[in-house]
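First chain A sits with chain B, and in the next complex the same chain sits with chain C.
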Partner chain A sequence: MSGLISGKKGSRRLLMGNEAIARGALEAGVKVAAGYPGTPSSEIVENLAKVAEAGNLYVEWSTNEKIAMEVAAAASFARLRSICVVKQNGINVASDFLLHLAGSGTRGGMLVIPCDDPGALSSINEGDTRHFARLLEIPLVEPGDFQEAKDMTKWALELSEELQCVIMMRSVTRLSHASGNVTLGDLPVTDVKAEFRHEGFPLDPNEGIITSAPVAFRHSQQQEKLKKATAAFESSPFNTYTGPEKPEVLIVTSSACNLYSREAINILKAEERVGILKLGTTWPLPEKLIENRLQKCDSILVVEEVIPFMEENLKILAQELEPKIGRKIFYGKRDGSIPSVDEMNPDLVIAPLAKLLGIEYQAMSEEYATNAMQKSFFAAPVRDLTFCPGCPHRASFWSINNVLKLDNNRGFVCGDIGCYTMATLPTGFSTLKTLHSMGSGTGVASGFGKLTQFGMNQSVVTVCGDSTFFHSVIPALVNAVHHKSDITLVVLDNSGTAMTGFQSHPGLEVDASGGDAVKLDIESICISMGAVVKKCNPFDFEKTQQLLFELLEIKEGVKVLILEQICALSPEKKAKKNFEMSVDESRCKGESCGCNRLCTRIFRCPGLVWHEESGISRIDEAICAGCGVCSAICPVGAISRKEVAYE
Partner chain B sequence: MNKSLQFDPYNLIITGVGGQGNVMASRVLGNMFSMNGYTVTIGETFGASQRGGSVMSHLRISSDACYSPQIAKGQAHLIVALEPTEALRVLANYGNQDVKVLCNNRPIYAVGVISGELNYPEQARIHEWIGELSSQCWFLDATDEALKQMRHPIYGNIILLGALAATETIPIAREDFKSIIADSVPADKLDINMKAYDMGMDMIS
Partner chain C sequence: MEILGTKELMEQVRDKGLCVSCGACVEICPYHKSYKGKIALVFDCDMTPCQCYAYCPQTETDRDLLSRTMFGTMDKGEALGQYRSIIAAKAGSKIKSNRFQNGGTVSALFTHALDSGLIDAAVLTGQNDDLPEPMLIENACDVASCATTKYMATPTLAAVHKAIRDGRKNLGVAGTACQVKALATIKANPLGKAEQENSIGLSLGLFCTWSLDTRKFSAFLAGETGGEKIVSMDVPPPPAETFKIKTENEEREFPLKEIRKMIPRGCACCPDMTAEWADVSVGAYEGKPGWNTLIIRSEKGEQWVEEAIADDYLVRDEFPRSRLEHLTLGADNKRKKAEEFLTKEKK
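After this line comes the complex of A and B, so read on.
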């Protein structure tokens, strides 16, 4: 639908923010795009991968974010334009390389595009990447709507090429995953040749060597670039002011908060009283432009998400400018006007703004609000997240949890990031006991496994997904093997980066664009490291549990159990059911069974429903994925499965 | 499309549970208005929430400006619910005395209901409550009909779009739907989608 490459100049499309960024990259003549999948960033690389062949691009899902950054940087060194796209956590992973890249400078235009997730809608943190721009001393820009998402991508790539420094363009969930109208620009016909020049004078930025040393020299060059960026920001088309010449309140905002602020002013009908200074260039701040606006208003409301980043930078600037522009009063996160956690929305701008303007505002009548809230409270309790019907992870954690209970030495599982993160919840039988970054389950387990010296005798198990295995588990596994740490790693191999939409990874035969790739075999890698390795299908409870038991019995060194079963949502499965499931009503004894409603209360697959009136369990045919697993859990064999024959 | 919007921006929320085709429905509807020159903003909540969680799309349809991807509290004009209790959840945040609701009857039980820890309200109560909290509401068995007629529950979302056209709350033309859906699904799925749309229209009128 998006017509990413077929869309003609001047045509108007409804694009997701991420699609707009991808189109902007194409309009800028980007040749290389790399990233690691992560919500809400994935669709940028995904969309570029789809048109890689038609547009003569090189697009890859790299093994992890640091490598993605290095791959994109290589393109820049060879004078091509490139982007690297990651979610907020990816900047942490890539930051070591980025710090060096900021110092070494770049050649072809290069953007690093983190998509942050304020409110952690699809994350387990709400890390704010803007601070990295200041830490790394690189320019930071942020689009304020969908058209800007496209236009800014091109503008920032051109600026990066001019300054020869990497630029950070930050998006957020509510832009990346929202859609709006975008008028397309031209797609350039480019015929660029990649060439890495390195034979010139070593300090020559175009012909020399690319490194951050000698540090004092390169660092001062880097700061010169920042000054030039600031000068360019003064006249950037992405910094706009809307409102009266001398407003009562000046809102300074950026990113998605721009749209919330506009909405708040609109709802309060305060267009004549409030101005919005929308900044597209958020670090370093364009000082003259801000001085000009601050001069005309004394009450400043800073609207931004997560950390008071703009607020603090604005306050420093206002302090320096005080002799010229007088004292300003700032409202924002520091005084509690704007919350410091969770995502923003129009109501969170309306509240402090209404207060500052002395406007009484009520979103809905008290009577309606109370009535609706009571009804919603009774009828619609929060929906807990669950593994999908037919999810292999439910089966895997069923076995892991059962084995650890029978093993009876208070064993536990260290986890990390993927759908299997949800095994901290009842859907995974609350099996995960530590949960941090990608690959950290194995690293943490490696540490736990060495604590026997201090009297610890609990079984240490860790889990990771197949994509995570390549991303960051391998070094942790090397560490555990090398130090003879007594751990068991269960690889939950569902054949893809499932959580973010089945992107390719090094364990598959395809690359991001669907082309041939070399498949690396997880089993062989683990064996070559010297681990004891077993493999089976997690839908086979008996074998899985038997193998896991055997591995836990081995008391020294690293054991690996690979549980291989394709994700229930995988496009390859085409939503086909392997089994037609049914509950034999004459066999299910319901409450009188003594099984404590094992299938519905404990196993909790959404396809199995407790039927209150008849007092027995039932299969919901609209939801059941037909994996057949639940037939093995019923102690009286009341759940039966019939193989579905497909032609 | 010859009728104009009753409000500008028109604030529509499509709500449901992960996997019901909510995002697809909002894209199709958004594109139908976009192709007719309206400025559309869609805010979506998906990702982890697709794993059994509530999924909501906010559509802002305007003749001129780009609005926030999140509707402010109490500002919805129309709620299309793929799941009945989700309609109530949305009403509590975005409802008002004048809001209209188009609602699919098929429940999707939260895990707490499946496990027997919570009760799911009777259909009659849900209808009564939604009626009380809206100025006008329509209920239909979209998923059940999709299962019967199309042998797949997913077409419930398209049946609802057809029904939405028949409510005449917002101007929707069948030919616009056809042109957008033809672009969105494989060619061999066009007929079944048109059938679902027409069924939805008939279920209201």
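After this line comes the complex of A and C, so read on.
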């Protein structure tokens, strides 16, 4: 059984931020958790799924974030505690429902937990979800370390239940994915019965109907709840101040930036000169607490990541308070003291702080910096982002690229979100030409496919993975079919949500906790919509290309090609090689072939290596996944494959 | 003349819309491929010097190199190219088929060359469904299957390269002016490729004023004939200004003006009407239906024609002076038009 549920009260454990949040949910007696996989958020639901049976929870990977939010809300409506976990842009997907949920109110405690990714370490955006809290008028809290990640989860769930409104608890990559010591609390023995009461007076928050109308009435109730939340925030244990009573500079910060700020002060040995007001409750701001701190210092440095969210809110408050506390000078994003893109780090805090304090500071000597730069430049091998050895996507894009180039009418592919997003890069032969959010490949393609009346005659192709297909491609596909948009959708079906770690999805027979689930068949779905559907194995280049050519020939309506091949890393494959590969040294002519190293320069599976000394290609047995595909690309047939017989 | 690579081939030829889909760059590397009458670069390649650039008839031409290779002399720059004699010709009694474009001289010469062992195999241009397709012909009896002119740009030379890659030597090839120019370059072997040694045995050039974009023209044909099988096509001599298409059930004429719209841009810079870089060149004999104009250019070509006549594969007739003047005028006109186009391009 996972340590998450066996850990005793008072014991200390090294927990990843996401594990701490999961434990906090358990300590708060959460019964339902739902989410859609997305880095850096996935481990919260994953860990809860592992203890679902032992802890009598219901945990699901929902089809998309909006549905995850709805599933969690239903639990709250039935007076259970619940959480909904998504990555930053998941909030965008769920935001329509969330807007209405903010208005309708909740019953059992409910948290929506977005894990943001400043610096876009594993995203193609660095969306800042804090703005949604203000936009949708719901309270926002942000843990500042690992212990807080656990404790705040419980505290915020209790507060949500008391206020009867959903609360947003935001984490970030550096908190979710780093680990620290956490002292555990009690796991409650709960025996709550799920029950949805709807027979009372319609406007009764506990017995009536749950909706955001009548709007003026419910909206004013919602704002009352926000006032109560502000009052609770004034005495929240997660808002702390450390430093001298009257500091020269007051840092106001939150979340992971709290750690960077502490380190910066420590490095500058400025403990006696600088104070840190670390806020755990970041919207609405606890006004009295802030008034009290601002009164004692005139120079305020706001340290936060991405957009100046706290900075702007603080400035509004300071303006309102000016008659009482006098004029304050703010340093932060707006004056350029702190960058408003990418991740923060201690150095980025040190620079403006040292300037404010008049301290000469250089992070490292020039000599060291040049030396380090040179060493890392010359000694580190060049490694670009690439598909894994044996990845079906490399094979799929090889075919898609070939067909579109040969089709020769400047056809292009609208991309989508998954591992195959990397096909914007050379590893996927730079095949993708547009790339936005989940499901938008098919939506954008649907639009392109209707532009023939304005003279567009390029082939329009789009791709999506199996999980993305269910997440949000289906409505876009419906749109394209309905409007007879001339597009070809290639479904790269690798049987799992591979990019985020093989979470289940509606195309599989298992659910998040490993239980039985109903599998939906992509092919039948597309056929029932009226699309022309073909299916094959992307490792068969000839067949794949022939089918794709055939589909592109059909000039009106939606065509779907399903390329089915399990992910090379899938646990089900157990790292088995299907083929033993080798390069026939007498056939590979190396540099004199005229192929210009097609295998190691273009196809570039990491399992193929160019051997400088002998001037020919070789198979790196340790890396090769034995998929056998590269034997079909060598123009002189020097790469051969031998089927591996397993018992 | 410097031989460059794919990057320059793309810049100088294909990206400018000057490619005529001859196929000279196809099947020599994994990068240039042909599909339905169009040539594509499937992946970038930065190698140089390269065969693709060397053989392409639309890159700069080293006329002296070609002249030395084909005729053993320096280039003389004449309108009809170098030649030994010009005759009228048509298929002789040895040839059983009677379905030709004109006099069947091309089919007759290749039937003879295969029968007599002058060449090991031939690369001709046949048809597959509605698209022209290069074919490797090993038996004389299959030559007839490629007869008649498909007025569409065809990557015939791709099949030549493929045959060479499969180890074949001493090939006989029929092609339009651009194609035989590329063949002459392959024969000159400027990059010293071992596989190209003795690969080309005989080359036969087809007179050519223009060809048509394969995709556009096949779509046009499909639309006009509703998918009926095409038996033949022809451009009757001036002043007809028409294009004739014969299907199994009917014969139809289209204004040449409409058809000309489908000429690939690359044809406009070709100065060569009589396919000067070949052993022999063959065209229609205007005003003498059922006969061909046959230009005998190289010594090898001369032997080929003489043997074919001696063995009754071919019959000959006089080619009068008045015809020669007419032909020269036509060739001159094409050259001038190409020069005008190129001057405009440079601007």
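Methods note: the second predicted complex is superposed on the first by the 643 of 647 C-alpha atoms of A that agree within 3 Å, B and C clash if a C-alpha of one lies under 4 Å from a C-alpha of the other, contacts with A are read in each partner's own complex, and residues count from 1 in each chain.
The criterion applied here is as follows: contacts are C-beta pairs under 8 Å (C-beta built on N, C-alpha and C of every residue); 3 or more make two chains touch, one makes a residue touch a chain.
Here the structure is a predicted model, which is why all the values come from computation and not from measurement.
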For this session: Check whether A:P635 is in contact with chain B, with chain C, with both or with neither, and answer first, second, both or neither.
Result: second
For this session: May I ask you to name which of chain B and chain C touches more residues of chain A?
Result: B
Exercise. Does the superposition put A:G594 against chain B (first), chain C (second), both, or neither?
Worked result: second
Exercise. Of the partners chain B and chain C, which touch A:H177 in the superposed model: first, second, both, neither?
Worked result: first
For this session: With the two complexes superposed on chain A, say which partner A:T434 touches: chain B (first), chain C (second), both, or neither.
Result: neither
Problem set entry | Touched partner set for A:S376, first chain B, second chain C, both or neither | first
Exercise. So, A:N292: does it touch chain B (first), chain C (second), both, or neither?
Worked result: neither
Seminar exercise, completed: Residue set of chain A touching chain B in the complex reads 1, 12-14, 39-40, 121-122, 145-147, 173-175, 177-181, 256, 259-260, 262-264, 267, 345-347, 350, 363-365, 368-369, 371-373, 375-388, 419, 422, 426-427, 499, 597, 600-601, 604, 606, 608-610, 612, 620-623
For this session: Provide the residue numbers of chain C that touch chain A in the complex, in ascending order.
Result: 28-31, 33-36, 38, 40-43, 45-47, 50-51
Exercise. Can you list the chain B residues touching chain A in their complex?
Worked result: 17, 19, 27, 30-31, 34, 39-49, 51-54, 66-75, 85-86, 88-89, 91-92, 95-97, 106, 108-119, 121, 125-126, 129, 132-133, 143, 147, 153, 180, 183-184
Exercise. Considering the complex alone, what residue numbers of chain A touch chain C?
Worked result: 401-402, 405-408, 429, 594-596, 598, 602, 633, 635
